[in-house]
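Following are the structures in question.
In the two complexes below, subunit A is the common chain; its partner is subunit B in one and subunit C in the other.
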Partner chain A sequence: MNAQAKGSTLSSYLETSFHNALPSLLCLLLGLVAGSILIIICGYNPVLVFGEMFSGAFGSVQGLSYTITYISPFILAALAFLIPGKAGIWNVGGQGQVYLGGITAALVALYIPMPPILWPIVALLAGAGAGALGAALPGILESYRNASAIVTTIMLNYVYAPIASFILFFVIAVTFPTTKVDSQTPKFSSAVRLPHIPGLSSSIMVFFTILIAIGVYYFLLRTTLGYKIRAVGLNPTAAEMKGIDWRKIKVVAMMIGGAVAGLAGASEVLGTYGNYVDQFAEGYFGGMGFAGIAVALVGASSPIGAIFSSVLFAVMVSGGPYIQALGIPRELVWSLQGIIIIFASMPYIYKVITKTDWSRAWRRTIVSPGKLEGQ
Partner chain B sequence: MAASEVAILLVLGLQQSVTIALAAQGELLSEKSGVMNIGIEGTMLLSAFVAAYMNWLLRPMFGLSTPYVALLSGIATGMLINLLLAVLSTKLYVDQVIAGIGINVLAGGITVLALIHIFDVHDQTPPAVTLPYVFTIPGIGSTGQVSLLEIFAFILPVLTYLLLSRTKFGLRIRAVGENPKAGETAGLNVVRTRILATTLGGAMLGMSGSYLSIVLNPFFVKSMTHGLGFIALGAVIAGAWSSFLVFGFSLLFGVTFGVYIEYGGMQGYTYLLAALPYLVTVIAMALTTKRLRPPTALGAPYKKE
Partner chain C sequence: MRKSFPGVLAVDDVDFEVRKGEIRGLLGENGAGKSTLMRLLYGLYRLDAGRIEVDGKEAHIGSSHDAIRLGIGMVHQEFMLVPNLSVKENIVLGFEPGSSGVFSPGESRQRVLDLSKSSGLPVDPDVVVERLPTGLKQRVEILKALYRGAKTLILDEPTAVLTPVEVVELFKSIRKMRDSGTTIIFITHKLQEIKEITDSITVMRRGHVVGSGPTKDISIGQLANMMVGREVIRSFSFNPYSPGEVLLEVKGLRVAGRRKAVAVDGVSFAVRKGEIVGLAGVDGNGQSELVESLIGFRKPLSGTISVKGVVTTSLDTSKILEKSVGHIPEDRLAQGLVMDFSISDNSVLGIVQKDEFSSRSGLIYVDKVRRFAENVVQAFGIVTNSVSMPAKNLSGGNQQKLIAGRELSRDPDLLIAAQPTRGLDISATEYIQSLLVKSRNSGKGILLVSADFDEVLNLSDRILIIFEGKIIGELSREQANVEALGRLLGGVSA
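Now for the complex of A and B:
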């Protein structure tokens, strides 16, 4: 697979097809229509299901807490996919990187005591570092060994997850024997756990996450490195002519994505759970890393869009138990997520429906040629 | 370890190899034509479910020959999904990777949904009768039973080799996978060739999924493909898109996976064993892709000008 050709396909796809709210709203609409048909086939009333999902997710303090709790990992997992995507490299390995971040944060929280404020910060950063290292490997393999990251990141999901479980059961379990029986570590010291939002049971991480998303938006648009990442994604050959080392930039973009995924794992472990639970990232229907891809695509591959679409996905997941109370399986949400991803893969359809080439309109407003030349 | 234990372990490994080998040859066919199915895992899972469901549902109607009908329905499922993917990617320029990821997520959810809706259970279908065996490897009891699918898995690489390198249709598949534009100029129908090759590959994915749910097990268990599809994807790459090498890697990965299943769970260092087939794939890719040449047009939609 020619890395350069591949790169330009992915990022031009991301840049041109989705940087507009309309196609992603259409894709969402089609996804919900298809989901409704599925609900009707199962013998339920789609209006009732979505209504219950929505009122469950916002109707009570507990429901609202769940919704807010899910927003943060969804945004971070989405960023983990879309930052490397901007450089034209596929990170389908968010799932594995989340585990690396989570287990590393758990090790810091269990074995390296520190002063109160510093401790969680170091634990989060350690998690991000582990995620970055985990993502560097497929990045290097794609840039320098021509091994497609699509495949290596998927494979490494199945390598990193067992490594995390191995550390849990054979390293942590040595000093904390209950770990083996419970498949989770004891609760961490409250000095390292992230505090909750007053009145809710969700951690304060969500505020930082939204700041990170906004920061990533400006990073991609306004900084030199962000510009280089987008330039490599749009056209590696042209970038190289401008003196940008596209190989290095791809690895760097991958590491930033991995760091964000690691942060997602670390903040879940330190905030939402307060301890390390084996296979914690599976409980998001199809896995946190894969949910992030859906969030990123519906969010028009934009960090700001991801904030909005993460709310939607959080509602679907946190509303799950409430539709289950009606006797409707919550796995419906899982299928719905898959349907939305499939619809997100068809930018051409939206072009046909709207009769407009949205890509061009976007290009003019955001990465106009003048701006590219000027930097 | 006694000799019979080694033999049983080897046969268990070979059974995993059969799943991987069938899927890998199917993926090889579609990749040769330029269509990459990342949704191989989901395709297998859906086929496995449909085969198990039909095996249970049609029992009163077909009696003893039910497993064969179930196998056909599993194959049809694989073909249908790949046909859909091929049509979408050639006619509607769908992004194959994203569509594939969607298929995987959807398959995971919808099979559990169907389990709940049809059987009112969360994990597995009621047991049915498995595909009859043709002969038995002596000395290792019921583990040594060999069915048609296992025999076919060992013949299949020869068939795909002959198809790809000795027939006109195979030449066309390779042509549209390497250089669709040149193929079009030479009078080939790129879209039709890709759809045919991918659908044929889908039959093998369906066989692979059905093998799990009506041969290896008499029922469907949720997420029962547990990564075997991705291993097959790795075998295609590590095997450098050559039928026999791909088969060789399928055997290797299958035996590794068999060891993990036999000694899996929480005893000792098996967690790391679980990672082994995937790690071997990554290492093989790291060592060989500089020299590997995948089909040039792999994953890229073809647009007529």
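Now for the complex of A and C:
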């Protein structure tokens, strides 16, 4: 590859990401301003509140550990939503797929001993595989049976999560009796648990996750499969006319998304918890899988954007309790978080809306004159 | 009146007038500007130049609300009804009778019945619209326009979706409405219909009015001549016609349609090396479905398709295209390009997995794709600053050049070109046509599907005429002229 081509792709990427990021940052600022107004109305000092949030999230070993711990699942859950999204299929089933991944990894960690290094890798991959299979079903239903994935994935959340709990209480609990009482398995062998970042209590998964996000970015842009996914998402008819099987591509994109969600569950179980805790994915801002959708939107549906928006979300989650410690009611903290998310996702939502309008206007003026007369 | 779109002058210097209480026919081929003209009257587009007068007063029609206020109603080809509401609810929608926000079903019912009676268009006000057959849905649309006070009613190709019996019913309704004082503008490209129903006719061609007058003074032959146009001015240089081996062979092909059960009904033909076979016909006679089945996009009901002697009837699109088949789809926005993709990405749509563009493991050689796109841009004269620009930023003509370039730079043995110059300006049209001729001269086979008769006459070595899913005639280059084509187009067998 010559340097010029590389340079121009990079500069065009920087250009697009600048266009994407600048409005997000401005809106984030607006969000902080709007939040400040709310804080002032409630009789507190916004500088103090936001200062406490950031010092809480970054100022101590414990706070920093929390923040970093949250980044990884947020990134993965966002990718689980946005990869199928690029193919034009809505994966709202991240939450259920997270549980499938988590419980599968737990089974490997409890029942299939392996040499160190290999063991966690196999457990993670098994979790990813379970997520992929779980996501394949709604993908197939949408592609071949015309059942909107947005509906089936939501419904399957209420199938997959109970399956995980069922396995916990009726399979694992048979061999590990404390499970029933504690609603969680005993701690896994340290050979299968993911090591911590030295000096912190967060697992090293976050580094891999950031690499995965960058990898997904290149996957979408630089591989034939990624290309096909994008083509199918933007114009399935044109893709099909050129011989791309959009049905298959949608299922594959769904499976990749599910695999990433499964990986999120598996890495939380093996890393953050070190055992399987019933309903572990319910925290994380209203559910890990659901939070991923918000993270993806704030990150302008870009894998790189997801890294940054995950940091924002992680800061809000880990810094929130510190604000409460100031005596501010937690409802106000939640409102602040909501306001910031809404503002930060505004540019992307705006883009989606105006783009729709724009293409409609395009159809009105260009396609219709010939097309409507013709038929 | 004048209206242009990027790359296209859709309506150019058109004078059009309708007298009160007449049925005025507006005749023209696809892309002639009929719908655009009517959309200007109905406020869906704004004028670039010129003026509109209603009842002798200049009218500013900025939206369909203005048009409705001035008593202009329009019935579109695609019905704009709410399927799960009743007839009466659909008709009064937006102007519901009732007081202080409370909807009055009884009064709506009465008003619809009154209107139905006075206009002579019977309907059952309580039936849910989705249960109605197409002809009655259309009647509901007409009543809806009348309810809103339409004195002038624009019917955009009203017969396109109707069965012959429904057409007879519609014509009765139209006459009744005329007799009760409503002015009707009837848009169509069907010669017999316009002769039958209208009082006077305006014919449009390529954005211009080419003729108008009372219906009784114009014969069907004259109408066909006006619609199809003069003999062609520009001519290309053709090598002597010596067709080679068969590239595409279609036998007894039957294909289901978008709206009809059978759109292509027992079609057989062949395309050989070194010839352009023109498939001429008014749109909606099965051409789209035929092309879609040729490239494996739509599976035929019966019959066989073979490319270079290999049966491809049930093969996937990718397998068919791999047999050195190129395809220029009829709708470049919906089928030809991914508008949000860059020019570069679009140039390798469907071929990115080839060895020239990516490794076995699926990594795209971005620089090679880029160089390929730059070659296409240069070789096919696409006007753009950079191949990383999205395709949507190109003009219509340049988008079509990009599609043609993508297909032709692979040097396919067989090219299926569907409406390749639709909506393009003259220079882009000639350029695309010259590419087809060049390809033909170099021994490739081309199936040219076109509703532009100039184009078919000018380019084809042989012309097949398709009408209602059947091929009803074939003309050689020597036999082909406007009159012969015009006769066949109306469905009159040769």
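Quick notes on this structure:
The rule is short, and it goes like this: the second predicted complex is superposed on the first by the 284 of 375 C-alpha atoms of A that agree within 3 Å, B and C clash if a C-alpha of one lies under 4 Å from a C-alpha of the other, contacts with A are read in each partner's own complex, and residues count from 1 in each chain.
Keep this in mind: a residue touches a chain if its C-beta (ideal position, glycine included) is under 8 Å from a C-beta of that chain, and two chains touch if they have at least 3 such contacts.
All figures in this text were calculated on a predicted structure; none of them were measured in a lab.
Contact with subunit B, but none with subunit C, is seen for A:290 once the two complexes are overlaid on the shared chain. In the superposed model, A:141 makes contact with subunit B only, not with subunit C. Contact with subunit C, but none with subunit B, is seen for A:230 once the two complexes are overlaid on the shared chain.
Of the two partner chains placed by superposition, only subunit B is touched by A:152; subunit C is not.
Counting the residues of subunit A touched by each of subunit B and subunit C gives the higher count for B.
Contact with neither subunit B nor subunit C is seen for A:116 once the two complexes are overlaid on the shared chain.
Comparing the two complexes, residues 1-2, 5-6, 9 of subunit A contact subunit B in one case and subunit C in the other. Taken in their complex, subunit A has these residues touching subunit C: 1-2, 5-6, 8-9, 12, 222-225, 227-228, 230-231, 234-235, 237-245, 359, 362-375. Of all the residues in subunit A, the ones that touch subunit B in their complex are 1-2, 5-6, 9-10, 13, 38, 42-43, 90, 92, 137, 141, 145-148, 150-152, 154-156, 158-159, 162-163, 165-166, 169-170, 180, 285-286, 290, 293-294, 297, 329, 331-349.
By the touch criterion stated above, subunit C contacts subunit A in their complex at residues 5-6, 8, 10, 28, 30-36, 39, 44-45, 76-78, 156-157, 160, 187, 189, 283-284, 295-297, 316-322, 327, 329, 331, 333-341, 345, 349-353, 358, 362-367, 370, 388, 392, 396, 422-423, 451. Within the complex, the subunit B residues that touch subunit A are 38, 42, 88, 92-99, 101-110, 112-113, 116-117, 227, 230, 233-234, 237, 266, 269, 271-272, 274-275, 278-279, 281-282, 285-286, 289-290, 292, 294, 296, 298-300.
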